[in-house]
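The structure appears right after this line, and notes come after that.
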Amino acid sequence: MSCSPSEGKERGGPYLVYGTLRKNSEVAPSYHKMRIRTPIPYGDIGPGQFLMVRISEEPFPLLRRPFSIHSLRNLRIKDGSDIEILYKVVGKGTNLMASWRRGKRINILGPLGNGFSLSIKMGTQFLIAGGIGVAGLFALSQVMKSQGHKCLVFIGGKTKEDILCVDEFQGAGAEVHVATEDGGMGFRGMITDMVESFLQNRPKPSGLFACGPVDMLKTIAEIAKSQSIPCQVSLESMMACGLGACLGCVIRTKAKLPLRSAKATSQGWGVSFNRVCKEGPIFDSEEVDWRGI
Amino acid sequence: MSCSPSEGKERGGPYLVYGTLRKNSEVAPSYHKMRIRTPIPYGDIGPGQFLMVRISEEPFPLLRRPFSIHSLRNLRIKDGSDIEILYKVVGKGTNLMASWRRGKRINILGPLGNGFSLSIKMGTQFLIAGGIGVAGLFALSQVMKSQGHKCLVFIGGKTKEDILCVDEFQGAGAEVHVATEDGGMGFRGMITDMVESFLQNRPKPSGLFACGPVDMLKTIAEIAKSQSIPCQVSLESMMACGLGACLGCVIRTKAKLPLRSAKATSQGWGVSFNRVCKEGPIFDSEEVDWRGI
Amino acid sequence: MTYEGQKNPVHRPRMSVDIAGIKLKNPVMAASGTFGYGEEFFPMVDLNHLGAIITKGISLKPMEGNPPPRIVETVSGMINSIGLQNVGVQAFIRDKVPFLSQFKTPVIANIFGETVRDYGELAKRLNDLPVIAGLEVNISCPNVASGGMLFGADPKMAHLVVRTVKRFAHRPVIVKLSPNVTDITLIAKAVEEAGANAISLINTLRAMAIDPQSRRPLLSSIFGGLSGPAIKPVALRLVWEAVNAVKIPVIGIGGIMNSDDALEFIIAGARAVQVGTANFVNPTACIEIIDGIEAYLRENGFQHINELVGSLRTP
Amino acid sequence: MTYEGQKNPVHRPRMSVDIAGIKLKNPVMAASGTFGYGEEFFPMVDLNHLGAIITKGISLKPMEGNPPPRIVETVSGMINSIGLQNVGVQAFIRDKVPFLSQFKTPVIANIFGETVRDYGELAKRLNDLPVIAGLEVNISCPNVASGGMLFGADPKMAHLVVRTVKRFAHRPVIVKLSPNVTDITLIAKAVEEAGANAISLINTLRAMAIDPQSRRPLLSSIFGGLSGPAIKPVALRLVWEAVNAVKIPVIGIGGIMNSDDALEFIIAGARAVQVGTANFVNPTACIEIIDGIEAYLRENGFQHINELVGSLRTP
C-alpha cells in the first residue's frame, strides 16, 4: 500500500490550524457549546469524526482533548469554516475551555477518525444518545436527513438537565424520544429500556447508531445482536496523538484473522487491538470485544 | 532563644490570605500596578518587606513569586487592607499576573523579610532606584517623610519608559532626579554616575538606600564604601518558600565570626550564607560578599 | 483544638498510624528540608495538627552548603542544590529543640554524615532528647570516605550505615532512600535486614538545568535534586516496588500536593506520607491534605486509615 | 524546498550534523514510538525537513502490546504502556518502507528483541534496505530469556546485545539507553566498548499512577514509562553524565517541547536531539524546533551547530 505524497494530500487533512473562538456559551448546567472559525475550509468532514483541541500552550495540562464535530452546518462558509463542539465540563481541560472568551485563538487538529459508515440500508434509523453522546450524533442526523433516511433519536440522561439538542434534532427532521432516570422528562428509566420497547412494538429499523457511556453501548450492542440489526457505536478512550501514531487509544476487537498471519499483518496495525482514533471511533458493534472495555 | 506559641503570634505574621484583585493596570509599557484587597489588616509592614504571590493553583508555574510591598497607604482601611504591588512583566509568572482581572482571588503570603532598618542618622537620605527598583523604595520614602528625613530619589533606566513613580515620590515630598541611558529623560547616562556627581557637589547624605540591578548595587556599594556613607541595599534571589525554610535564596555575606565557632552557630542559620528572604532582602552593603553575586 | 469544625465525631474515621513504634495522630508529615525546624511555619500552620515534623538534615558539624544559585524552577517542579547547609547537631539541640518541644507532634530528626562513623555519632547525640521520636537516616549523600559514591546507591554501604545507626540509636530508625538506583528493592531489603524500622522514599531525582542564553548551568553545583509534582509518578512507582519488597512500614514521598496525591501513595501501600515542595507553594498544604484524607475516608465508608493502606485493586 | 522563507542564505548558519556516519541535514529527529512510521504525520509535517525519522520499535514477530488503558496524563507528562505493539519486521519492510523511501530524510529503524538472538536477526533483516540509514537499538526492554531483567540495566547484557548487533549490521548502530539505572556511565561505556557508534538517551522513566476513587492503577500493566516536559531535568542530567563518559556521539532525548529545551541538550554536549511526546501535543513541533535552533545560531553569531555542542560554561 505505497502511497505518494500527492496521494496523501488528497486525503484532505488532518489539518493543524488556529481558529478563532466565535461563541462559547453554556447551553445547560455544565454543558457548553463552542463555535470556532477556522481560516480554511475544514475538509470533508464525515459525521462521527472528531477534533483534538489544544488545551494549553503551556506544559500543563499537556495533552490535547478529543471532541466530536457536532454539526455539519457552516462548514463551507466564505473564507473558511465554522466548527461546532458540544462539550461537558468534567475535568481540568474542559474547565479551562469553559473559561475561554470570544476572540481567543484555538489550536485544533482534525478532522480525525473514520466517522460513521453511510453504506447502510435505506429506511428508518435509530440514533441513540446517552448524555453528551448527542454531540456525536447530531451531524449524523443531518446527513441522514439529506440522504432521505427517517431518524428516530433516543436521548437518555440522569435528569432533564442532561437532555440536550432536542430542538436541534427536531430541526433536522428527526423524531425525538427522551428518557430520564429520575423521570423528570419523557420516559422514566434507562434509554436502553425505551429503545427495547420501541423495538418490540414498532417495525424494525435498518440500523442502530449509538454514542454514550460504555454500559449503554454494551446494552445496545446486545440488543442489536439479539435482534440482528446492524449497529455502529462511537467509542471513547484516552488519546495522546489522535493521529494513529502513539497506539495509546486502542480497544480490543475480535480478531477475524489469526494475529500472526501474513494477511492480518498486511492490514497494518494490530488486528486484535485497534486504534479508536484511526480505525474508530466508530466501530461495528459486532467487531468490538466488549469484555475488554 | 526558645519562644512560646503566643510569643510567635505577637510577631504579626506572616499571614497566608486570599485577597481580591481591585485593580491591575499597565502604568507604562510592560510595567503593571496591582491593588489587592485583603480581608485582614495586613500587619505592621515595614518598608522593604515583600510578599510571595501564588501564580497558579495548578502545578505550573509551580513556585510563588516575590514582590515588594510598594506602598504603605491604605494598609489600615476598614475591614482589612489594600496591598499594592508594582511589577515588571518579564516571564511566565508576571505575564500571567498581567492577565488577571478585577475580582480575581489572589493567594498572598506576607509580609516577609526584614525591611529597611530605620535606626539611621537624621538628615538627607539618598534613595537610588534602577528600573523596577522603585517598587521597593516608595514605601521607604513614605516612612522617611513621616520621620522628617529629607529624601533625594534617584531613578535610572534605559529609556524614559523605564522611569516610574516620579509623581508618587514627589507626592511623598521627595526631590526626584532621573537619568536615562539614552538621554530621553533627565541626565544622560548611568544613575550611578549621577549619584557620584551629586556626592561630589553637595553635602554628604546620612545614608544610601538602593534597589535595582545587581551591577548598580555593586557600584553604589563601592561608592558608599569609598565615601564612608552607611548604605542599605535590597537584594533579589531565586526563592522557593520566602519563609526561611528552604535555604534556597542565600547570598554570601562576609563571615564576621569563624563559621564553626559556637558563637557563630548560635546565631542560627549560616553565617557566611544568609537568606535573602529572612536575614534580607535588605542588607548592609558592607556585609555583602559582592564577589559571589 | 485539633478537630474543630467536625460535626459528627461518632462517624469520624480514625487517622492515627503507628510507624515502627512512633505514634502519629495522622499519616501526614512535613518532609525534611522543606519545613525548616517548624518555627518558620509557625504560627501560620498549627504544628500540633501535623502527623510529624521531619527536621532539616542534621550533620555532626555545621555545614555551609553550596554557593548560590541553589534553586531553579522547572516544569511543574524545582531543582535544589542546598548542599545540606545546616547548623550542626550541637546548635540544633541548643537552638531548635526548645521550640519544637512545646508541641505534641512527634519530631523526627533527619540525619546524614560524611562517614559511617558520623551517622553513629549523630544517633548517640540525639538519644537523650525526649522530643525526638525517631531518626530519619538520609543515605542519599556522598560517602566522603569512599570517594563520593552515594551510601544509598550501594546495598552494602546502606546496610553498614543502618547497622551502625541501629547500634547506637534508642529510637526507631527510618531510612530514607534515594530514587537514583537501578533496583530499589535491593536497597530496601538491605536496610530492612540491617534493622531499619521503616523506610521512606523518595528523596529527590538527580537533575540539571541550563540557561541557553548564557550557556551556564542554572545551579552553581551543576546538578541538584528534582522535587515537586513532576516527579510523583516516578515516586509512586518506587514506593509500590518497595512496599512489595519489604515488611517494614513504607513512608511515601514525592510530589504530593493535595490529598488525592497522598491517597495514591497510601493506596499503593504507604503507611504514611511526607509533604515536601508543596509546603513552599502552599504553607498550609499538610493541613489541607490531612483534612482531605479524612474526608475521603468518611465519604468512602472507611473506619480507619489502615483499611486503605495497600488497598490497590490490581488486575 | 526545505529552506524557503530565509532571506539571507549567506549568513544562514549550518545545521548539518554527522552522527556516526549518518548525515542529517539538521540535528532534530522524531523519536521512536511518537511518530509512527512517518505516514501518520504526513502531509501535515514536511518529512523532508526533519533531521531523521526514528521508526516505532520493530520486533521480529508482530506484537500485540498491552491491553488498554495504555496511557495516562500526569502533571506535565504522560505515562505509556503500549507494550511495544508493532507490525513486526516483515510487515514493516513490506508496508512501511515504501512510503518512507519517498523522502530524502534518513530513516533509523528502532529495534528490540526478547532475546539477544532476536537483535542480531533484526539487524540482518534490515541490512538490505537503502532507506534505513541506521539502527537504534532499544535495550530498555525485558530480557525474556534471563527472567525479564532489562538488557539496559546491566552493563554486561547491554554489551552482549550491542556486540551481537554490530556483528550483523551493515549500518551505524545507535544504542538507546534506559534512564532507570544507578550509574548511566557504566552502561554508556559498556556499549561504547561493544562497538556502538552512538548512544541516545533517555528512554522513559518507569512510573505509575492510581485513581484514588476506583483504587485501581490507571494503566492495565500497572507500570509504564513517563515522558514529556516533566522529565526534562532528569534527562538533561543523564545526557550530561553520558557525554562526559564516552567519546561516541550522544543524542539527547526527554521532554523537549521547544527549541530552548533542545538547546539545553546540545549545549550539554548532545550532537543531536530527538523529540517525542511533543509530537502529540504539537504535530509540527520538530519543524518549529529546527527553525528555533537555526534562529538561535544566527542571533548568537554561530556559523555551525557544532560550535554549540558541549559549549556549557561550567564554573
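In this document, chain identifiers A, B, C and D correspond to the written order of the chains, with residue numbering beginning at 1 in each.
We adopt the following convention: a contact is a pair of C-beta atoms (placed from the backbone, for glycine too) under 8 Å apart; a residue touches a chain by one contact, two chains touch by 3 or more.
Because the structure is a prediction, the values reported are computed rather than measured.
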item: Each chain counted as touching chain C and chain D at once; value: A, B
item: Of A-D and A-C, pair with higher C-beta contact tally; value: A-D
item: Per Cα centroids, the chain farthest from chain D; value: B
item: Distance from the mean Cα position of chain D to that of chain B, given in whole angstrom; value: 47
item: For chain B paired with chain C, centre-to-centre distance based on mean C-alpha positions, whole Å; value: 34
item: Sequence positions of chain B contacting 2 or more other chains; value: 59-60
item: For chain D, residues that touch 2 or more chains besides their own; value: 75-77, 229-230
item: Category of the chain touch graph - line, ring, star, complete, other; value: complete
item: Parts of chain A lying in touch with chain D, wherever the complex brings them together; value: 1-5, 8-9, 14-16, 54, 59-64, 107, 109, 237-252, 259-260, 262, 264-266, 268-270, 272-273, 292
item: Residues of chain A that touch chain C when the two form their complex; value: 59-60
item: Chain B-facing residues of chain D, complex; value: 75-76
item: Chain C residues within the chain B interface of the complex; value: 33-36, 39-44, 56, 61-62, 64-65, 67-73, 75-78, 80, 82, 85, 87-88, 90-91, 94-95, 98-99, 102, 228-230, 257, 277, 279-284
item: Of all residues in chain C, those that touch chain D in their complex; value: 74-77, 79, 153, 180-183, 205-210, 212, 214-217, 220, 222-223, 226, 229-234, 236-237, 240, 255, 260, 263-264, 267-268, 296, 311-315
